[in-house]
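Multiple structures follow.
Each of the next two complexes has chain A plus one other chain: chain B in the first, chain C in the second.
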Partner chain A sequence: MIKRLQDKLNVLGPFLGLIFVFAIFIALAPASFVSGYNLKTIITQTVIVGIGALGMTFIIISGGIDLSVGSLIALVTVLIAKTLTLTGADSATLVWGAALVAILVSTFIGFLSGLITALWGIVPFIVTLGMMQIARGVAKWLANEQTVVAPVTGLNTMMNVDPEPAWLIFAPGVWLMIGLTAIVIFVLKYTVFGRYVFVLGSNEQAARLCGIEVRLHRILVYTLGGAFAGIAGVMQFANLTIGDPTAAVGLELDIIAAVVIGGGSLSGGEGSALGSILGALMMAILRNGCNLVGIPTYVQNILIGSIIIGAVAIDRLKHK
Partner chain B sequence: MQRIILFISAVFILSLACSHSSQVEIALIPKGTDIMYWKGVHAGGAKAAHELGVKLLWQGPQKESDREQQINIVQNFISRGVDAIVLAPLDEFALMRPVSAAVKRNIPVVIVDSGLQGHDFASYIATDNYAAGELAAQKLTDLLGGAGDVFLVRFNEGSNSTGLREEGFLAWIRDNAPAIRLVSTDQYSGATMELALQTGQNLLNKFPNVKGIFCPNEATTFGLMRALQTAGKAKSVKLVGFDYTDAVANGIRTGEIAGVVVQDPFRMGYEGVKTAYAALQGEIVPLLVKTDVIFVTAENMNDPDIRAVTEPEIARWLDEK
Partner chain C sequence: MDLFLHMEGICKRFDAVIALRNVDLQVRAGTVHALIGENGAGKSTLMKILSGGLKPDSGAMQINGAPYAPDGPKQARAAGVSMIYQELTLAPHLTVEENMTLGSERHRCGIVRHQWGRAAEALAMLGHAAIDVRTKVRELSIGQQQLVEIARSLLLGSRVIIMDEPTSSLAREDTIALFAAINRLRQKGVTIIYISHFLEEIQQIANDYTILRDGESVVSGPMRETSIEKIVAHMVGRPLEQMFPRTPHRIGDVVFAARGIDDPPQVHDLSFELHAGEILGIAGLVGAGRTETLRRIFGLDDARAGAITLRDKTFLLGRRHHPGDSLAIGMSLMSENRKEEGLAIDLPIRNNISFSSLPKFSDRWGRLKLGKEMREVTQVADRVAIKYANIIDPVVALSGGNQQKVALARVLLDGSRILLLDEPTRGIDVLSKVEIYNLIGELAAQGCAIILVSSYLPELFGICDALAVMYRGHMSPVQPISEWDEKSVMRWATTGKV
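Then we have the complex of A and B:
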């Protein structure tokens, strides 16, 4: 019973925080803040961090961390732009093929991080810190240290605030995020793999004694993280329409913050997909609201920082 | 045994001396290596080095905000014993000490692109960023027929060159265009294009009647073009930006960017290396050289004299295919 109540609180906490932030801006910001179009803008601006945060949720629940996500996103934008330029992007198959290849590369790098972490027993902070530099370097190298212009393709409309056809209401990228969130919620809750991820993060020793293949699951978790970073990278490309090797510098920290605001614990065993998306949404609301009110950027930094610490502090209190 | 050691050290010293006397080495240190702009500087420097028969050493920080790393690069070049340094300082104060250290060791330093406090460097070669901002204001006012709502998206806090462009832009509008209403002038985009895009979308939502936008550099210009595209307002809102890349050129061609102010990075690198060499030879060099800017639009982008600036011969001087 109490466990169930705690589960509810875990999602409720970030949700209440979200409403609180939203209410403040309704009071402060001009009426255009709550216009349908602005709300659509906010949710579109959540997509990249949100999708990245879904992958990060697996990793953080398992007790790990991935610092390479921002670099992977940049690498993916460069890979797509390069592939599209080289092939001429004549057919839709080619365009989606380019996106798929880039996601696969990102997934493979995630797999490598997992493999090194699991086999050599190096802490993931170090492995992914290294991978962050490597992926960034490869992106710059492939891009010849400049932005890569790509031909116009259907990919570019994935993040349009006003989608075509109009009955979609939200950009295709937003629907993708919602769909992926539903899948991750299901996987974490109802599949053996999902439950193992929680066990892995709560008590690795126990997991091992229970006969769970700890190494295998660790590798799987980072591979998934790489895949989600890849999808987030495709969305970043859709947003910029060019390959940008300097894109998303430091974005992994926004993504980790989203997971933490959403109830994820860096010591593992806790976190939820919905919470992470709400965390990402809260940061997008903050940025948008500050722009609309005309609050300087440094106040945004202070606010987001306070919310990260506040969210974790409230979490601590709940556990006492 | 002692003889052998003596012999080895003699060879070592001799080789050191040789490597120094054989060819003059000039270090060219950009703010970053990632954007087209710095490639132009590099190519210009390479051309000057080729003409002078000197060796050009090119190294910059990995991130265009990493002052610490740029300081280290300057220090490393000093210890390597280069003959002269051409530097685009990331910060007008933070780079003062390493530059003084170089000058104390009789290594002349030429500052390019962005200003540095102090007086011990040999020469300062840069765009007049304030005047460039004024030019952008004048062009945008012309495009709007002298009236309408306009906003400015500032780049990152603490960037000297973009800050001057922003101030020049605002001052010109205030003094010369009474019918232009500046609706937002205090929002910074942050360092990446994605952030500029988001800031742009948010500001467009707040000011749906805006008629013109000014952006002070490449990241903001491209980010705002994307914001206008996603808002369905490209072409109807006049976007005046800064700097020239392939992506920006496409925007100008389609009319989604009304025009950009373009600097001459190739000439900056070229003059920088030439001036450093002249200073090294003990010649008297001018303390301040201002390189011109041009305004590139869809109409003039194919003119030969414009293309000479926007498409410098990078491949020829940097051996790139």
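Then we have the complex of A and C:
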């Protein structure tokens, strides 16, 4: 009974951590830290890592890893900018079509990573490490190794901290992230697919024995990861307003860190969507707060590194 | 005879190796049928064919009179045949109910509909309604996990359940619970094929038996018309002179003493002495603290308090006592868990044997003398009679019995005089067991002092000079083996009293 309660409270750890970090900055940072505008900024800054982390949650629960996410995000920004410039972006359909095409490309690359992992039995670390280089290379090639200027479109409003209309309160991207989180929570908990994702990471042998199509589900998991990376890429483009082939370098590590801080286990079988979002939020608060206090970025790096190790260490103690 | 399952003239070859030659298996409905044979006799191949994992080259199968030729495990399961492997195949992070319905979830548009009721029913049918279907599997004991796996096959509506070495990692009380569950299944008309190396258990649970040897079915019949001696003779193809060979050995002075080893709740204030040339057995149920005691003596785990004395030198146990210290003073441990702890199974046989004696094979710059290593490793490998193609093959290529001999060869090579052996014969075939008993006897004859932890009472009685029994971290006084009998051992192991 108590055990089950603990399971229910599995996101309690990341949640307490979040409150702790938040409390520290309320004490340290200037009053502007808790201003409505700044809070909205923090949440908006969570969107890209948060959406990427949702996809990564599937992958990590299934016992895999995807290092190509940062490159995929950059590729998506370039693709959107290119399509918009080429077509002139004169209708809303076209603008959203460009975003959709870019997401599909990212999804396809995720599918390829899954296919290679599943069919050839190469460890996902290597496959996605390769894919990280390939996607980055393609992005630079398409963009001629420079940023691609794009016309201003409705896409750019996705990440406005003060949205139009004002009753939305948060940027549309934030609402998208919240909606996606709800969907992922539901899929992981209540669907057959979600359960298979957990089995893959917990005991692949058992999954095979029970007649589950292990390869198919692995491919699906990476395809989903690619799709979420694509959506995160659209948000990145909305933020940048240009296509940048050198954007989001190393962002996959922030995304993996968010999942791990949120209770995901790199050996598979554990993780939660809500935890991952809380992890992403914690890192955003940390960055934002540090900037307001005037703590240099190198100290931020050291802090975030310590938090990642600390979160996993606490998790290990909990499991003993 | 009410024949339910019939396998007839089954042949299977892998390249040049003939695994099965005209094997017949006839199983009556609602009985427990023991499939007996040494490792490599073809039991697993035959059962893989039955459970759809392999296809026979020739031969026919019938279930309940209807032809049966599964196209894969999934079809076999649909036809009511399911297999429970020795290594359990449950997902530890999922709940009991989730594991039981894995691959057969009921759902509406992909949304899972839980089957708590059916899962609980299946467990109740096995007599284990107390297992909560909502707990995560990793919180259950191994015995309970096994029951969950059996319940899973019930949920699938299996009519034939194959159990491969189901008791090899079970404590005695879990074995009893398992047998009760098997009896209930038998009463419900479920047919069970039971594979095990524990002949005493087979005698207890099986109605009929079939013995395989070198890929052929040698003999079969009702269990009560045969004896363990006859079975063993059929298994090895000749009468086995002695199941428990004894090499004469002289017991000398005290060479090792443990004083006040304490680390509650696993180990409570435990002291004993060991003589040169003595084989001291430690019996007890799984979880009684036997392995924990050995690990603390060796320095793998920290004890709260305690000391060991070795040839007049005393060493305190605890944080500062490391396995390296133990090896340096001539004490070696053979782990009960050879796959995960005892051996690096992907590395060559040679490396595994010489791991703990590398200082012997290196100069002061740390360079390895490969020639010397190879010579001595080969020597010791031959002495324990490991059957290998090439000494640099990975250990994983060997059979279980030979893997165990690799672990034993390591202990021999590092020249230790105090040997802590933890379940050295678990999961290996009869012939390998006899070879290992012989080696242990020889070592004792050379003056080594040996502690043998085992859950297999006949072998403790067969080869030990003295015996102690553990119960919940407490150890009985050490007494000569002649002063114990099975009843008194079991009484101590289950109650902690004489």
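We take it that the second predicted complex is superposed on the first by the 317 of 320 C-alpha atoms of A that agree within 3 Å, B and C clash if a C-alpha of one lies under 4 Å from a C-alpha of the other, contacts with A are read in each partner's own complex, and residues count from 1 in each chain.
Quick note on the criterion: a contact is a pair of C-beta atoms (placed from the backbone, for glycine too) under 8 Å apart; a residue touches a chain by one contact, two chains touch by 3 or more.
Computed from a predicted structure; not experimentally measured.
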Combined model on chain A where chain B meets chain C, clash or fit: fit
Touched partner set for A:Asn239, first chain B, second chain C, both or neither: first
Touched partner set for A:Tyr190, first chain B, second chain C, both or neither: second
Residue contacts on chain A - larger count, chain B or chain C: B
First (chain B), second (chain C), both or neither touched by A:Thr153: neither
Touching partner for A:Tyr37 - first (chain B), second (chain C), both, neither: first
Which superposed partner A:Ser202 touches (first chain B, second chain C, both, neither): second
Partner chain(s) touched by A:Ser106 [first = chain B, second = chain C, both, neither]: neither
Touched partner set for A:Ile212, first chain B, second chain C, both or neither: second
Touching partner for A:Gly269 - first (chain B), second (chain C), both, neither: second
Chain A-centred angle between chain C and chain B, computed on Cα centres after superposition, in steps of 10 °: 120
Minimum C-alpha separation between chain B and chain C after superposing on chain A, in Å: 33
Residue ranges of chain A in contact with chain C within the complex: 3-4, 7, 190-195, 198-199, 201-203, 205-207, 209-212, 269-270
Residues on chain A engaged by chain B in the complex (per definition of touch): 30, 32, 35, 37-38, 41, 44-45, 48, 140, 144-147, 149, 159-162, 236, 239-242, 244-249, 287-288, 291-292, 294, 296-298
Chain A-facing residues of chain C, complex: 73-74, 77, 85, 87, 89-94, 98-99, 102-105, 107, 110-112, 134-136, 139
Chain A-touching residues of chain B, taken from the complex the two chains share: 33-36, 39, 63-64, 157, 184, 186-188, 190-194, 197-199, 201-203, 205-206, 208, 222, 226, 230-232, 245-247, 250, 320
